[in-house]
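There are two complexes below, and they share subunit A, which is joined by subunit B in the first and by subunit C in the second.
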Partner chain A sequence: MFELALGEMLWGRRAVFMAVAAAVPVLLALGLRLAFASGSATIVVNGQHLSPETMFGTAISLLYLRFIVPALGVYYGTSMIADEIEDKTITYLFVRPMRRGAIVLGKYLAYLVCVLAAVLPSAALVFVVMVPLASMGPLVETFVRHLEQIAVGIAAYGAVFVLAGVTFKRPLVGGLIFVFGWEPIAAALPGYVARLTVAHYLQGGIADGIGLVLASIGAVLLAMRTIEQREYVLEQ
Partner chain B sequence: MIVATEHLSKWYGEVSGLNDVTVTVPEGVTGLLGPNGAGKSTFMKLVTGQLRPSTGSVRIFGEPIWGNPAQYRRLGFCPEQDAFYTNMTGREWIEALAGLHGMDGDSSRAAATRALDAVDLLDAADRKIGGYSKGMRQRIKLAQAIAHDPALLILDEPLSGMDPLMRRRTIRLIKEWARAGKTVVVSSHILHEIEAMTSNILLMHNGRIVAEGNVHQIRALIDEHPHRVWIRAEDPQAVARLLLSGDEVSSVKFDEGAVIVETARPDAFYTRLTSLAASGEAGAIEEVTSPDDNLQAVFSYLVKE
Partner chain C sequence: MTKRTRVFLLVSAGVLAAVLATGLAARAAGALGASTPDELAYVPATARMVAYADVREVMNSPFHDRFRQLQNANPNGDSIEARTGIKFERDVDSVLVASMDGPQAGLPKDSALLIARGRFDSARVEALMREQGGEIEQYRGKRIITIKDDAALATLAFAEPGLLLFGARDNVRGALDAKAGAAQTIGANTEFMALVGDVDDGTAWTVAKFDALLSQRGPVPDAVLGQLPPINWLAASGRIDSGLHGMVRADARDEQSAQNLRDVVQGFLSLARLQGSRDPAYRQMLDSVTLNTKGTSVSLSFDVSPAVLDSLNSPGGTLRRR
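Up next is the complex of A and B:
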């Protein structure tokens, strides 16, 4: 199932989105680097020139963790099973001698492998392009921490939305509202509301990261259980 | 018995899809005949474990099917829906699905080649499924159902959209599978098709089995009703002209790229159409389908609606 899902991820119609999501930050970084090098661009915040190192951190936080990772999670997570149901191809998988949960697991693992393989090198390239060689040494630890955050984010958003995909009929719209509506609003609200988001734990400490990984495993297991028990009536 | 259902019912919310069906399917070919909406597909989805019975039970080879994936080693299913991974080639798709039966690379390649050969698709095996004609898509669906050599085949409207030659070949194939010891349950809304494969028929209407076994009486009733056939062809005018030269056809009408023929003698008509397709006299005959309104009329009569 993993191999079949991997093929679909790499060569299916949705692969373009992944390629664009991985390439755009690198192109932006290249553009900025060229602009800085030629002296035609500077970014000033509170009277201070923003260093490329700070800009790298901002790119990870705003571009990857707030946009690309959740967007990929919603896009692929919700479609893993929902697309098969909508296209009515799920029938071919349901009549094979394997537990239905294996379909979810195989697809989720294929998603993890593909998206990690596309996004982590993209972030690494952004680092290489934006941060001058001389400044890289002290930033390696931060860079690795950012890669960990991205990896955990990919796992967590994918798990949440694969669960949504097996549970709800049209999960994409709800998923988009969650990541681009609810998460920014909740983060701005006082109190404990922010804890009802993935982003909150993603930007927390190691304990939060471990918690998020465990929650992701839980969500995938729940998705596997849901597809085992749920009946999918394909519309004629 | 290979398939046995007891008081099997299926409800979609408040709509009844299948109503208290108790039936057994023996070895060989069994035809499931009924108009659209009769419950054929619901029955097949229950028998293949895709749907859970609302009440009653389904047993395949003596064991329940719902939640029992091991049963799929012995079962092949060809669904009605025209759904595929269109970006894959026929061979890749069959190999991938054979792989889900636990076959390794070499075995799944060999199984795919055998299955593609059986449905006469080896030449097109390395083309994307998205570029297949309707008839080829029907055949690739059959190939995925037989690739793992199952003992029980459930085929939902497998002949729909095939050209006359492929229909004849597929009917022969189904009979060969039965002779080789497989059990085949095949659905259709065209009695002529089912009769060509078997005399063991289950008649369905409104979610119930209304008759089982011998269908001679039904056949006589069907023949009293004009039978309409829609034929998409390279040259519909030539097809119409040649068909009208015989006495099997009572009227013709033209549709976009197709001709709609009415006949009171479907057997003779289909024989003639197959010869016409084989001779190529009227160009290529690409697709043949039969609306089920004639069968609907017979069923309405049978159940005294």
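Up next is the complex of A and C:
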């Protein structure tokens, strides 16, 4: 199941979105670096000139953690099972000599490998392009921490939306509302509301990260249990 | 798993590993002193003194006003503004000054090289210097502008976008030679670079051959300098945040000289404490002074809190009375 799903994700039609998501930040970084190097562009915030190093941190925070990682999580996570139902091909998977839960697990692991293999090198290339070699040394730890955040984010969003995919009939719309509607609003609200988002734990410390990984495992296990017990009726 | 899937995963892992390896190598190099300012690549090995200041950090610090007073008293800074139209406060982010080994031919006083990083309108600066009779020439692919000013030839070159060199013509040419690899840079001097590595975390720092300082007439009388034990290197750094944290380090020729130097400094400190015992602000500053000796090096560190500076600068304070 893992190999089949990995091949589909990497070389199927959905791979175009992933390729664009991985390539755009690198191209943006290249453009910015060239503009900085030629002296034709400077970015000033509160009278302070933003260095490429600061720009790298901003790119990771805004571009990857706020947009690319959640978007890929929604896009792949919700479609893992929902697409099979919509295409009426889930029957063929269910008749294979394996447990239903293994279908979810195999597809989720394929999603993890596929998206990690595309997004982490993309972030690494952005780091190389934006940060001058002389400044790389002190930023390596920060860079590794960013990679960890991205990896945990991919795992967490994927797990949440694979659970949504096996539970709800139209998970994509709800997922998009959650990621691009609820999460930014909740983050801006005072009090404990922000704790009802994945982004809150992504930007937390190590304990939050471990908590998020455990929650992701829990969500995948719950998704496996749900698909084992649920009856899917294919629309004619 | 298909072949192209395997290739994709291998390439992906390879990119990630290569970037991590590059970062780790850069970090290891940083531990060996590669985190020093890039501008040092323009400083020839003949430099006897190098001083660096993060102008932006100083400007943004609560000590800004005091720095302005200091800058107004610096005729060299005014000279640059008059010749080039570049305002330090507005245009410069960091500045590195190097003093060269021995006077240049025909340039007995002006042997310094100034390397400034910031935002410069090269066309405007060039036009202003041409108005003052500046002549433009090409050297190692860079346009350099030279003005005949009294006895000296003041030269300016935009070495990179946002990086200018200013100083005597030979010094600017020497800097471009060093960057191009045609002359040895100060980076080859391991003793010097080790000292830079020790002090370059400050907002401003300097490393100098002590005899280079002796050759320049400073505030310390010759009679006092003559009594000092032999010193090879002098390094100083200052970190400015809400206060000023400074460190001065002298590397003596041998351990006995270091011990003698420590005694001399200790004597001066005792004298200063005696003199300043009635002034609480002065005494507070002296109390923060720490003197250490390690091998052949003697270091003196001090902290000046904003309250102490305000007290010293207030009417009736030590600085005012002077």
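Quick note on the criterion: the second predicted complex is superposed on the first by the 236 of 236 C-alpha atoms of A that agree within 3 Å, B and C clash if a C-alpha of one lies under 4 Å from a C-alpha of the other, contacts with A are read in each partner's own complex, and residues count from 1 in each chain.
Here, a contact is a pair of C-beta atoms (placed from the backbone, for glycine too) under 8 Å apart; a residue touches a chain by one contact, two chains touch by 3 or more.
Please read these numbers as outputs of a predicted model, since none were measured by experiment.
*Asks:* Quick check on the superposition: with subunit A as the shared anchor, is it clash or fit for subunit B versus subunit C?
*Replies:* Here the two partners, once superposed via subunit A, fit next to each other without clashing.
*Asks:* Taking the superposition on A as described, I'd like to know which of subunit B and subunit C A:Ile85 touches: first, second, both or neither.
*Replies:* In the superposed model, A:Ile85 contacts neither subunit B nor subunit C.
*Asks:* Touching A:Leu222, do we find subunit B (first), subunit C (second), both, or neither?
*Replies:* Neither subunit B nor subunit C is touched by A:Leu222.
*Asks:* With both complexes overlaid on chain A, does A:Val113 touch subunit B (first), subunit C (second), both or neither?
*Replies:* Second partner only, subunit C.
*Asks:* Tell me the contact category for A:Leu176 with respect to subunit B and subunit C: first, second, both or neither.
*Replies:* A:Leu176 contacts neither subunit B nor subunit C.
*Asks:* Figure out whether A:Phe94 sits in contact with subunit B (first) or subunit C (second), or with both, or with neither.
*Replies:* The first partner, subunit B, only.
*Asks:* Taking the superposition as given, does A:Val24 touch the first partner, subunit B, the second, subunit C, both, or neither?
*Replies:* neither
*Asks:* Specify the angle subtended at the CA centre of subunit A by the CA centres of subunit B and subunit C, expressed in degrees to the nearest 10.
*Replies:* Roughly 160 degrees separate the directions to subunit B and subunit C.
*Asks:* Based on the superposed arrangement, let me know which partner A:Ala187 touches: subunit B (first), subunit C (second), both, or neither?
*Replies:* Touch partners of A:Ala187: none, neither subunit B nor subunit C.
*Asks:* Which holds for A:Gly7: it touches subunit B only (first), subunit C only (second), both, or neither?
*Replies:* It touches subunit B and subunit C both.
*Asks:* Classify the contacts of A:Val140 with the two partner chains as first (subunit B alone), second (subunit C alone), both, or neither.
*Replies:* After superposition on chain A, A:Val140 lies in contact with subunit C alone.
*Asks:* What's the minimum Cα gap, in whole angstrom, linking subunit B and subunit C in the superposed view?
*Replies:* In the combined three-chain model, subunit B comes within 10 Å of subunit C at the C-alpha level.
*Asks:* Need the overlap of the two footprints on subunit A, from subunit B and from subunit C, as residue ranges.
*Replies:* Common to the two interfaces on subunit A: residues 3, 7, 11.
*Asks:* Once bound in the complex, which stretches of subunit C touch subunit A?
*Replies:* That would be residues 1-2, 4-5, 8-9, 12-13, 15-16, 19-20, 22-24, 26-31, 34-35, 38, 56, 60, 93, 119, 161-162 of subunit C.
*Asks:* Using the touch rule from the top, collect the residues of subunit A that touch subunit B in their complex.
*Replies:* Residues 1, 3-4, 7-8, 11-13, 87-89, 91-100, 228, 231-234, 236 of subunit A touch subunit B in their complex.
*Asks:* Going by the contact rule set out above, which residues of subunit A touch subunit C in the complex?
*Replies:* Listed in rising order, the residues are 3, 6-7, 10-11, 37-39, 42, 48-49, 113, 117-118, 120-121, 124-125, 127-128, 133-134, 136-140, 143-144.
*Asks:* Spell out the residues on subunit B that touch subunit A in their complex, using ranges where they run on.
*Replies:* Per the touch definition, subunit B meets subunit A at residues 12, 41, 48-52, 67, 69-73, 75-77, 79, 81, 83-85, 87-88, 92, 96-97, 99-102, 144.
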